[in-house]
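Both of the next two complexes hold chain A, though its partner changes from chain B to chain C.
Up next, the complex of A and B:
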């Protein structure tokens, strides 16, 4: 009885998270105000962070909150504040049916491809997930996967240097 | 109709850890409330002392009932939404500001046996959840439909994003020295006597961390987002009643969190000469809070270019050098 109750609770928690993620996604796509759309995106990101917690990966979940909620969405907000976009803007007119169909297809396509790939190649799942220590995670990244790890950091450095150079060029023109 | 036995079984199915977290959140709420009452009184009394005036004196003996009078006034005020504002987001902002502060208190080790939730990623949890406050200030500034609020929010973003970097860089040496993100373990690695605390090994990191903590909590001299002489009240200009009170409460809550983290990382946490316990922790936290109040009433507000110059030209290079030297010493 006790086992059954906790299993039911686990399902409730899982589908609660999925409901939060899907609801956030719909708010993002359907809301007219850009800031409300961003709030939907943040709701989705929180839901994904919650899923990481469910899989006993609190470090990844917290990184999700720290980077995506604390940094990326704040920068998106900054961009929205600079554009001063209000709901009655240029793109708020009627949308043709063709566009809606294409948009729906474009939204479903990655979900189908990624979903099928994930289902086909998924490792056997465990009933009770085991928490990985942060130190093991670090060793994992720096020993077998050192090359992709360093490549990503190189990419970020290049992006940052490029942004700085672009900023300086803009200033010279003025 | 659900039978009472069924409800009991459902309650039993809830894991005990969840119950502990729930009880802990309730305790945290009351702790934040008590701290806010005490800090409001302290702030006004210290300000009075520094200005050579008595401070609040009328309500109760030596004005000790003044915070309660302030609270009652705030509760009784009319709730008012500016015209043209997105009222849902407008009232969501103070809640988003307050909620993460509650989570942060869950992982702080107040004493050897007084910690609600001991997790291996405590430090990361506090960093992640305190970062959400910026978002709340942005929403508040943007939805207020007011140029002062918007300016305050824009200032807050550039300030918080800039000061997050030296903050993280000044925490890293401690993480490298202890090899853990667990706040309880970090506290346990330090001894009872002041010369066994990490402030002795990392004085520069302590100074950088404290300056960044002041900037992240929007305390003077870094209170540009709410600079009252320039922006009326910055991002919370339009808020009245409990909306304003929630922002106020969360600011004090983040101050207490900053003081707690400083105490754990650099001042030995709950350790102290004699018997270690929560009394040492609270004493350290309150000394740090008094220093914060003292700084607020001593230094003038920095200008915006000075703010960014301090961060990018001084704090970040110094923090990087400190980190590299620490790494070198650890490697040797």
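Up next, the complex of A and C:
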């Protein structure tokens, strides 16, 4: 009885988060104002973080909130602010129906192929995932996965140095 | 339908809505939002594949973390590129940027 109740609760949480993700995705791509679109993106990111929690990976869920919601969305806010967003919605104005049809076709093509492949070739999956200790994760990152770990730190350093150089470019010319 | 398929379908939805956004949006910032959706879907898919099958869980969790690191690096660089583009061309509409030379 108790087990059944918790299983029903798990389904409710799963489909609730999927509803949040779908709603946020549509707000992100269809909203006229870019700030509203960014709010939709944040909604989607919170939904995905909830799915990570549901998959018994609370550390990755918290990292998702910390990195995506905390850092990446603030960076995109800066991008909207610094690129002269104009009032009345940056994406307002009539968009031709042809463009909508082509965009929808571009989106539906991978959906059909990948969706059918995912449904046909799905291996049997466990219903209750196990939680991994963060200490084991750290050990895994520093022993077999040391090369990707170092490469990602190099990538972040290079990206930040490149961003700073691009930002100073104009002043050097003057 | 196994439970992992549901997660994979959500990830495919994120991929498709991101591609739709990239094709549909007119400004470069809107395109960046689509790219973030796609990357998030990739992380979700990797995570579900490792967490809900007998594969060691650490692979999926570290993979999702690496995807997040790449997304952070990409967002930083895109902010700088958008800044330079908006200074040089005075707008960030993808249809109006027809020259690659400054």
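Just so it is clear, the second predicted complex is superposed on the first by the 147 of 174 C-alpha atoms of A that agree within 3 Å, B and C clash if a C-alpha of one lies under 4 Å from a C-alpha of the other, contacts with A are read in each partner's own complex, and residues count from 1 in each chain.
In the analysis below, a contact is a pair of C-beta atoms (placed from the backbone, for glycine too) under 8 Å apart; a residue touches a chain by one contact, two chains touch by 3 or more.
Note that the structure is predicted; figures quoted are calculated from it, not measured.
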Partner chain in contact with A:22 - chain B first, chain C second, else both or neither: second
Touching partner for A:78 - first (chain B), second (chain C), both, neither: both
Contacts of A:102 with chain B and chain C, given as first, second, both or neither: second
Partner with the higher number of touched chain A residues, chain C or chain B: C
Partner chain(s) touched by A:42 [first = chain B, second = chain C, both, neither]: first
First (chain B), second (chain C), both or neither touched by A:65: first
Set of chain A residues, in rising order, touched by both chain B and chain C: 59, 63, 71, 75, 78, 80
Residue ranges of chain B in contact with chain A within the complex: 9-10, 12-15, 86, 89, 92, 119-121, 124-125, 127-129, 131-132, 134-135, 138-139, 141-143, 150, 153-154, 157, 160-161, 164, 179, 181
Complex contacts: residues of chain A adjacent to chain C: 14, 18, 21-22, 25-26, 28-29, 34, 37-38, 41, 44-45, 48, 51-52, 55-57, 59-60, 63-64, 67-68, 71-72, 75-76, 78-80, 82-85, 90-91, 95, 99-100, 102-104, 106-108, 110-111, 114-115, 118-119, 122-127, 129-130, 132, 136-137, 140-141, 145, 148, 152, 155-156, 158-160, 162-164, 166-167, 169-170
Contact footprint of chain B on chain A as seen in their complex: 1-2, 5-6, 8-9, 33, 35-36, 39, 42, 58-59, 62-63, 65-66, 69-71, 73-75, 77-78, 80-81, 131, 133-135
Chain C residues touching chain A - in the complex, by the definition given at the top: 1-10, 12-21, 23-30, 32-34, 36-37, 40, 43-44, 47-48, 51-54, 57-62, 64-66, 68-87, 90-92
